[in-house]
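Note that the chains are named A, B and C in the order they appear, and that numbering of residues resets to 1 at the start of each chain.
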Amino acid sequence: MQTAITVFLDGMTYASYLFIVSVGLTIVFGVMKILNVAHGGFYAWGAYSAAYAIGLAAELGFPDWFAFILIGLSSMFVGIVLGVLVERLILRKLYEHEEVIVILATFGLFLVLEDFILLVFGVNPYFAYQPMVFLGSVEMGGIFRDVYSLTLLGLAAFVAFACWYVLNCTKWGKILSTVIYDREISLAIGIDVKAVFVWTFVVGTMLGALGGAYIAPTISVAPGIGIDIIVLSFAVVVIGGMGSIPGALIGALMVGNLRAIAVHKFPEFELFVIFAVMAAVLMVRPEGLFAPAKIRRI
Amino acid sequence: MMRSILLDNTVRCVIVAFMALACIGLVLPNWILNNTMFGLARGLAVLGLLLLWRTGLISLGHSLYFGLGAYAVALLEKHTGSTDIILRLVIALTVAGVIGFFLGFVLRHYRGIFFAMLSLAFSMVLYGVLVKTEALGSTDGFSVSQTTFLGWQPASKYPLFLSIIAICIVAIIGVQFYLRSAIGYLTTSVRDNEIRVEYLGYSVARAVHIKYIISAALAGVSGALIAMSLGQVDPDSMVNWTVSGELVFITIMSGPGSVVAPFIGSITFEFLRTFAFEWAPHAWQLIVGGTLLGIIFALPEGLWSLIQRLWTKKGKVL
Amino acid sequence: MNNDLILRVRDLHKSFAGIIAANNINLDVANGEIIGIIGANGAGKTVFVNMVTGYLKPTSGLIEFDGDEITGINPRDITRTGACRSFQISQVFMTMTVLENLLVAVSLARQDLKSLLKPLYSDERINECEQIMRRYNLTEHRDKITNTLSQGVRKLLDIAMAVVSKPKLLLLDEPTSGVSSEEKFDLMDLVVNALKEQGTTVLFVEHDMEVVRRYVDRILAFYQGEIICDAPPDVALNDSKVIEYVLGESRKSTYENEQTVRAGYA
């Protein structure tokens, strides 16, 4: 029973964090039709800037709770600065290219972002444990959990709700749906598609960075952390359906829990099971479990 | 048929250039020799990707075959102790070809981003297995002993270098022969208009499948040769998705113009990486990634188009 | 079995999610006939062509070609049995030259591995393609990339590619759509004469009644997925149902005017 709870909590925590990162990826794909490999770079930037800021704040004697504000601020900072820069300088010139070439361009961008981190933050790992220590841990049925990773579930729920609300209950949501449905028609009826793209990309980048920033206190922030997360979020997004927000949720829950089960019961299958499921979904239902049916097979 | 292929201009240039390279190889400093070896060996995998790209397909999972070839060499040695070059190459080619044949039945129905993603998923399955399986070397991989040639163990790397050159020549002639043939021309035809190909009575799926198997086999041989040149195999530098990304990167950098382009592109990449690593150990990825972006923006037809332009300026037409 | 029969269609039916696109189609086509298919947009002409050539699978019914059942077989295999088609929007290889387009078509028409492995550019094949280009007036465009050509030339190439395998039956889907009115007759003269020489049976979808009247032996008029008239042009174009449902009111008046004018001359 205790293992079951541990597996479940691990799975849900992991799923929450995957969801936050993947939802950014899927929004960008849904609106702009760009599968952004550089999203892994944004994640890493979020993690680094949050870890750096938290460390700095602690040195300067700010209270520990201030770290939460810093996490929010640093992901916004990364989202706005990097998001706007990348969209303006690079992606905007790629819209008419083939989608696979665009993937490759974002791969180049990913490499650039990875090393840019080394230049700015150096090669030594960062530890920003303050928020975890601040929240302490709780006992649930004989299991000790740190409260911090439980708050991740809350954050994911909040992100999911916010996405749902914006898309379904606001004018913004309607504009976005129109652009997703048909770019040309949106232009024709006077929607500023360029502006929509910038905003979407900034929000997507911010979510990627938020995932990194929020997970930073629980890991050692070291070079290369973006490499694994990007393929995992590809798996999440593909399983749920590229461009679908509920799909990202389902995909994250599946991948998170499968991984947790594998880690506890069959550790040698940890990665295998995730990508086997990804391959299986692509083979059986290439458009993903949740995307509107639009098959590219011939 | 063989005569006509030997009369082919590209093939003649390639043979002359490689002969020259083989001679220069005798006096080249070790690090240049090594880089050229890696470049040529990796070029084989890129040649395979070029075939797919001409059909409009980009595989983000060719590290699967690259890794299979490399691990075939390592596991052959671990289990039988054999280090013979022919045995190593045959087993790498067979494993990659057979797996490519079977996965091809699935992948031949996919295009665009779905093709890229499914290839990625397949390669990551292999990565996941290798990383977590102790018997397969886990994250450390294996070391690979020096290659022997029918029992003879040379003191230098030069014989391996010569073998790589020979294999590249064979591969270039083979692929050129294929591309010149009617079935090879289907590469462009399939990219242009699948419906028309079907209505001419040929199966698009089969045309894609054939290309896929060729590219898988080439990637397998490429992986095996890299393992032999490097003396070791490990999942992160052989099978992880970044390896596939790198291969596609070299493909785009080389350009689709010629069967020689992959080798020029691949050798350029090898030196670019070495120099970048030398000058800026913490920023070599930045230089490599920046180059990739630069090529996509400024040279969409790759390095080959640059070479072509320079040649035509001199009045020679390739 | 009648040896002269090239195509036999029985009770063909097709519906898309409840919408009937083809209903109760029965048809016998004799060897060497030239048949025009007419009908308003959405009448089911292209659906019919698509079903015969395997692009769509009929919901029910039977299609026999040259004595063999071909119902629901894929396009590739139908092409191999000798029924080819052209397209409403020309389907050619856009980044290749006219010669290359034809070379690929010619080498695929052979259907054997030896032909597929042979270099695409062989003297014998180039000769064959040059003959085709002469016959279809394509010689001047030999080395032009197809995406630089006019719609009319592309249409010709499209048809030429469908014909290289010397099919027994050819279905042309709106061969003159997108072709300027001056070019229409030239194009159809070329095509129909070439096909008659080969003895190919032709079914073609056409909106221009002048074109139809000039070339066909027989007309099939489609309305709401059914054949409402199957008769020689003189009969079909005067049929009241055809006038009402296919030619329409405006067309009827011009057509009647023409008839009067013609009657006057005669």
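List of remarks:
As a convention for this text, contacts are C-beta pairs under 8 Å (C-beta built on N, C-alpha and C of every residue); 3 or more make two chains touch, one makes a residue touch a chain.
Predicted model, so just to flag it, every value in this text is computed and none were measured.
Ranked by how close its C-alpha mean sits to the mean of all protein C-alpha atoms, the top chain is B.
Relative to chain C, the most remote chain by averaged C-alpha coordinates is A. For the criterion of most C-beta pairs in contact, the winning chain pair is A-B. One simple way to say how far apart two chains are is to compare their mean CA positions; for chain A and chain B this gives 33 Å. Chain centres here are Cα means. That of chain A falls 53 Å from that of chain C. Between chain B and chain C the centroid-to-centroid distance comes to 45 Å (mean Cα coordinates, whole Å).
The touching residues of chain C, when paired with chain B in their complex, are 53, 74-76, 79-80, 84-85, 87, 91-96, 100, 103-105, 107-109, 111, 115-121, 161-162, 165.
In the complex of the two chains, the chain B residues touching chain C come out as 1, 4, 180-186, 188-189, 191-193, 195-203. For chain B in complex with chain A, the touching residues are 56-58, 60, 106, 109-114, 116-118, 120-122, 124-125, 127-129, 131-133, 194, 204-205, 240-242, 245, 248-249, 252, 282-286, 288-293, 296-297. Across the complex, chain A meets chain B through its residues 35, 37, 90, 93-94, 97-101, 103-105, 107-112, 114-116, 118-119, 123, 227, 231, 234-235, 238, 242, 267-276, 278-279, 282-283, 286, 296-298.
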